[in-house]
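There's a structure below that I have some questions on.
We just call them A, B, C and D in the order they show up, numbering each chain from 1.
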Amino acid sequence: MQTEYFEQIESNVRTYSRSFPTLFTKARGAELETSDGKRYIDFLAGAGTLNYGHNHPVLKEALIRYLSEDNIVHALDMWTEAKFDYYKAVEEKLLKPRGLDYKIQLPGPTGTNAVEAAIRLARKIKGRHNIVAFTNGFHGVTLGALATTGNAKFRDNAGVPLVGGTFMPYDGYLGEGIDTLDYLEKVLGDSSSGLDHPAAAIVEVVQGEGGTNVASAPWLRRLAEICQANDMLLIIDDIQAGCGRTGKFFSFEHAGIKPDIVTNSKSLSGYGLPFAQVLMRRELDQWGPGQYNGTFRGHSPAMITGAKALEHFWSDDSFELEVQRKGELVKQGFQELAARLRDKGIDARERGLGLMRGVDVGSGELADKITGAAFEKGLVIETSGHAGQVVKCLCPLVIEDQQIARALDILKDSVDQVVR
Amino acid sequence: MQTEYFEQIESNVRTYSRSFPTLFTKARGAELETSDGKRYIDFLAGAGTLNYGHNHPVLKEALIRYLSEDNIVHALDMWTEAKFDYYKAVEEKLLKPRGLDYKIQLPGPTGTNAVEAAIRLARKIKGRHNIVAFTNGFHGVTLGALATTGNAKFRDNAGVPLVGGTFMPYDGYLGEGIDTLDYLEKVLGDSSSGLDHPAAAIVEVVQGEGGTNVASAPWLRRLAEICQANDMLLIIDDIQAGCGRTGKFFSFEHAGIKPDIVTNSKSLSGYGLPFAQVLMRRELDQWGPGQYNGTFRGHSPAMITGAKALEHFWSDDSFELEVQRKGELVKQGFQELAARLRDKGIDARERGLGLMRGVDVGSGELADKITGAAFEKGLVIETSGHAGQVVKCLCPLVIEDQQIARALDILKDSVDQVVR
Amino acid sequence: MQTEYFEQIESNVRTYSRSFPTLFTKARGAELETSDGKRYIDFLAGAGTLNYGHNHPVLKEALIRYLSEDNIVHALDMWTEAKFDYYKAVEEKLLKPRGLDYKIQLPGPTGTNAVEAAIRLARKIKGRHNIVAFTNGFHGVTLGALATTGNAKFRDNAGVPLVGGTFMPYDGYLGEGIDTLDYLEKVLGDSSSGLDHPAAAIVEVVQGEGGTNVASAPWLRRLAEICQANDMLLIIDDIQAGCGRTGKFFSFEHAGIKPDIVTNSKSLSGYGLPFAQVLMRRELDQWGPGQYNGTFRGHSPAMITGAKALEHFWSDDSFELEVQRKGELVKQGFQELAARLRDKGIDARERGLGLMRGVDVGSGELADKITGAAFEKGLVIETSGHAGQVVKCLCPLVIEDQQIARALDILKDSVDQVVR
Amino acid sequence: MQTEYFEQIESNVRTYSRSFPTLFTKARGAELETSDGKRYIDFLAGAGTLNYGHNHPVLKEALIRYLSEDNIVHALDMWTEAKFDYYKAVEEKLLKPRGLDYKIQLPGPTGTNAVEAAIRLARKIKGRHNIVAFTNGFHGVTLGALATTGNAKFRDNAGVPLVGGTFMPYDGYLGEGIDTLDYLEKVLGDSSSGLDHPAAAIVEVVQGEGGTNVASAPWLRRLAEICQANDMLLIIDDIQAGCGRTGKFFSFEHAGIKPDIVTNSKSLSGYGLPFAQVLMRRELDQWGPGQYNGTFRGHSPAMITGAKALEHFWSDDSFELEVQRKGELVKQGFQELAARLRDKGIDARERGLGLMRGVDVGSGELADKITGAAFEKGLVIETSGHAGQVVKCLCPLVIEDQQIARALDILKDSVDQVVR
């Protein structure tokens, strides 16, 4: 049987195959299919990598055409037509309409690569090593990014102490009514606080791995002001929350801020292909030639699907509005789920933004039971949060209303099954 | 014009578009084509990513079929048929025939990700932080890997001191007749040498970025013995030299050693798709679930082409023999080129292994002139080495003899043009 | 003139000679005398090094006798009669009466050496690198200690990022009514907070350099509980606040806690001689022979005066009571000073413990003016605090009441002179 | 009995009391005396701290007079008569006669403090973090200095990876006929060698802890040239080899070089009192006020004896000549000792400079046996070297010829006793 084979040849480091121990084969839109024909609604979407769903036909058509015509697939960071078209799409569909004057860097095609580049650039510009990160933040696991990632599971296995990150409390971390930026401002203004003057702050507008915690617009605006007042760059890590996930292309649009540096990856290709970019204010492009590199920077197939996705979904605001509408559906469903749990004596709370939402059920054990039951009933959904206590929806943004309804039903039944 | 557009929107960090300032569109086998129809022989091959050439028809067919059928493209590290088939191919075509009992980890799909994972695993296993690296080695630029990369251009832009790497002289570094491992053994055996007892050594069998420097088989065998005698793991970074580049699938096969950990990437997908793996001796798989992660680990399209490439090229030894034969052609041509330069009063030397070869022309300025002239004549070829002093061949392994001949002619003409 | 000579030959790093630009020659008790016969009351006392005053006759007599008889002055860490007598005095006068079962380590004879030893021991015992330190803490400037010192003046000149310290808010740091340990407990209990599990916390009961901030007894007791609950050692840095400064020999006696590790220096010799010790719970003495060393560890003259000081001042509670009584005098005087300033529209506050007290006048500029005026009137007194905003009393504990009265008068006049 | 008491109350970290388990009481010149009246010749001299012998009468008289008159003992870094006189003595007796235009910094009173200051200043001046150190070098154990100390016993207990030091082979490290600076020059000249461009090199002219290894004059001159050519500062750590130990006040005088920065401690006070200084070329004094501090910087009693020692011993060259003459006696004796061992089949070699000499007997076990036997016969002498394989003479420079003769006899007898 295949399970045994996988267990024999694959490293123990594997994770998702533990939660979803089956063999997936096909996928379309918001659905996954296994080798024995079972179908699942996908509320995970590649951990936010498949915002436009699996194998979206418009993107697929463009990708297969590109491949069929022997267009160049791998070109390091040379200039190609694919790159030209991609840059044009970014400029026309993303930057210009939002009044953003950014330059584009294509680092290695993963989020952590983009974060390493962003952090390094900030340090270079400011001549300082420290980066403010926030509790429960996740920015990747290569060593540079890991210094800004809060999760002990990764940090404790770094093998060396992580240098150059200082953690501050995220919005809401200290409970209702406490503006956690007071603490940041206090230690920034105190030359004996032990806070080495930071080059930058890096933050997620919604913390994906951290448990769908949302930074409010006023908090983000104040953070931007603090950064500016203290000669620090503001880096928005939009790897999981970007590409429309929150109901806007960039999650920071809700707050009306213009970050100094933005990182994108995950859904940037629109098709699950590895891809990442760093956007930086024009005057911050202080890189010298080749000071950061990587073999797969500027992956052509990803640029093809990425450009096509921008054209298809982001030429007007209809997609945004759809995401916002569906976000409300999930929100409502999750609020009902939380209420249902509270009725059963469990202090559960819904939180999130757009289609990035979760129900905090208070314990990882319970969350695992719920998602385990849901998987048996045909829903792929994961947990997040520091204790894995949040049942989290990262469904494709193109999901259909009835799929949402079905998923919510499954979750309701799962809750009823595991909590009596 | 497009050049201006690129310069206006793309970060200054770009490199290859400076050496090859044209717009590439199509590519087949060992040839690249620009938007205005000019064709180039490709002696760069994506810096060693396209060992099987651009858009190999067998791989292309498998890839397009996979995509057409709505098979799953992105599945995090869940189990898929694509993964099953890939693991089977690795086992049947690579591991079993070579007597290697490795487990497989698929980290983020870039070389630096694989190196970070390998280093971290070694530290975890041995409970020590130090990793021995070698002069002129290149293992990636994320912060963990960068500690083992020698290049100052990257190191000086790290923003923090790099922790956990100690550099030792590579084979040949101190000139003829000096076994550089004497130095390593000396400092390992001296508890006051300042060398913190290493968890591992990481080394390339042929240094790609370092200037096609080759570690001899006896040197590698002695290194393996030193590692074993000193309770250190031996990590072979086979990212550039692997996948057949040297005339064997794994470059370390020439030396008859069995490393503890191996990293692969670049040509692993066979098609230029981002992909990477870490192979480790079974008993070294001491990872806990999820202790290293990444969104794009186990990229399905890359597993499809990767498996197909293993089946197509590595089911018997015919491909190996072809690579070795062509390697001799390039070797001969490069030796003649070196002799030609020496005739002109320039102390040039050929070196390399298989189809990973270079001519050290003594200065980066001269090497740039030669490759610049070659580009004008229709050859894409880059330089490497600490001063960029090595004109370096990384042509596709599937290159045709007449393409090699044509490239060698171009290089000869280029030398004659720039050195009179 | 001598000033010019000093400026010509002495490094710019000098500090106190900038605040007190005169040539001191003699000193007795709480008074300093210059070469031109001017006398000053000493409210600085060697930054807390001269708790028993300058040249105390009892200690002087013992020291001169020791030297006259050719007793051994320097013996590395060999056993000597001086050491035997010193250990006996520590045991009899300090440990036994307070129910403390500590072993003694004599590191290099400075506070920073003791802190380095304490931190290193904690890391060794717990196998973890992180140490919790507190805002405005000062623990020395050698690189290991500096990681726990908050002051940017030193941190920014370290030349490398400081590794292994995480700063938490000290008692009172966030204002009235906020128990800052809530924050420590929150991040300790959250595995994604970014706080690497600490080996220890290091804290001053009264922050000397930080501005005579006092940690309350309940806060310290809760800190001790948090450390125990989280498998962390509690290190009390009693270098400035110890040796009777606060009205008890150890400053932590007020809180009734028994730290795991204690560091002493400054007034430990009682005579201004370099000396330091680390006290550790018996079972924490996990040092191997020679794992921490230093040429001047166990300085014999300092052990002679140190033992004599313990016998003379600490054989009963009369000295403690005197310090507490005088502390009240200074407290009252400082409160009046603060009130006087408030009458002049300046928000000033008194704070401190025993004879370690200050008036926070809100700005470093004003504090400098006041201490500058005081110096002209015959009082040596310094400022502290993150902005130098605290006028700080560290007078000898043996000071006479009339000297206190005179000093308070000078301060009152100085305030009246500089604030109108 | 006292031994038990010490073992019960003193930390296991103690070392010298393990080699010399007796209770010392008095000391004069080159002799130590125990509580039971046994006398030892001192070939250890406080590990080089007592170059002028124990309790030298001239220094003693000055010290006791200073103390008797209530002169100021502790003054932080304020200006005092003692400091003025000390600076004058340094200028007149050391700097001017040797044509050295240095400024003086008095850091905390231990060698490691001076090294931390020197390294930090170099980093600040050059804006680079890396410091080249040499195999078997010892520069102290606080965390900054430890990064340049080779000994694993200390390094492995640092608790964090040591940052900012790179080790290069010391003179002679690679055997006869190999100029180890070739390696340094090679990696400095290679931008991909992995050597981060250093701010400075720090080196001992004779390695004390490293086993009395001597850097030759040509090697030192070449090192100075390499530093200058590569914009690196040269720091001579003269803590153990300075103050006349090698037959010149500064050990680097033999080579005719003028280092950028010099560190002194150990015998600097001349009386075993804690004291240290950093000398730096005038233009390198780029410290800002208070950027490096410490409570005991500028310890007055040490300045008194230090100034007196300079006047008494260094006003003409007679003392130097005496040291050189006695050095020859010890050299001859040690050579005979080595020959005696070689006759017994042990490959022993003498090496050293002035009165800093050792016999390398090949194993730490044998060296311990010899020094153990010698102790029983009335000689205090220690071992050094990475394996403790060097029997090492650090006798007081004022030792009498007959004491040398007696010590050499004891060593000869000890060798005969333990090697038959």
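Keep this in mind: contacts are C-beta pairs under 8 Å (C-beta built on N, C-alpha and C of every residue); 3 or more make two chains touch, one makes a residue touch a chain.
On a predicted model such as this, the values are computed, not experimentally measured, just so you know.
By number of C-beta pairs in contact, B-D leads over the other of B-C and B-D.
With respect to subunit B, maximal separation of chain centres occurs for C (centres as means of Cα atoms). Subunit B and subunit D have CA centres that are 48 Å apart. We define each chain's centre as the mean of its Cα atoms; on that basis subunit C and subunit D are separated by 31 Å. With centres set at the average Cα position, the gap from subunit B to subunit C is 57 Å.
Residue numbers of subunit D whose C-beta contacts span two or more other chains: 129, 153, 160-161, 163-164.
The touching residues of subunit A, counted against subunit D in their complex, run 160-161.
Residues of subunit B that touch subunit D in their complex: 129-130, 133-138, 149-153, 155-156, 161-165, 167, 169, 173-174, 182-183, 186-187, 190-197, 209-210, 385-387. Within the complex, the subunit C residues that touch subunit D are 2-3, 5-6, 9-18, 20-28, 32, 35, 44, 46-47, 49-50, 54-55, 60, 63-64, 67-81, 83-84, 87-88, 90-91, 103-105, 108-113, 116, 119-120, 122-124, 129, 140-145, 147, 153-154, 157-161, 163-164, 199, 265-266, 271-274, 278, 280, 285-296, 299-301.
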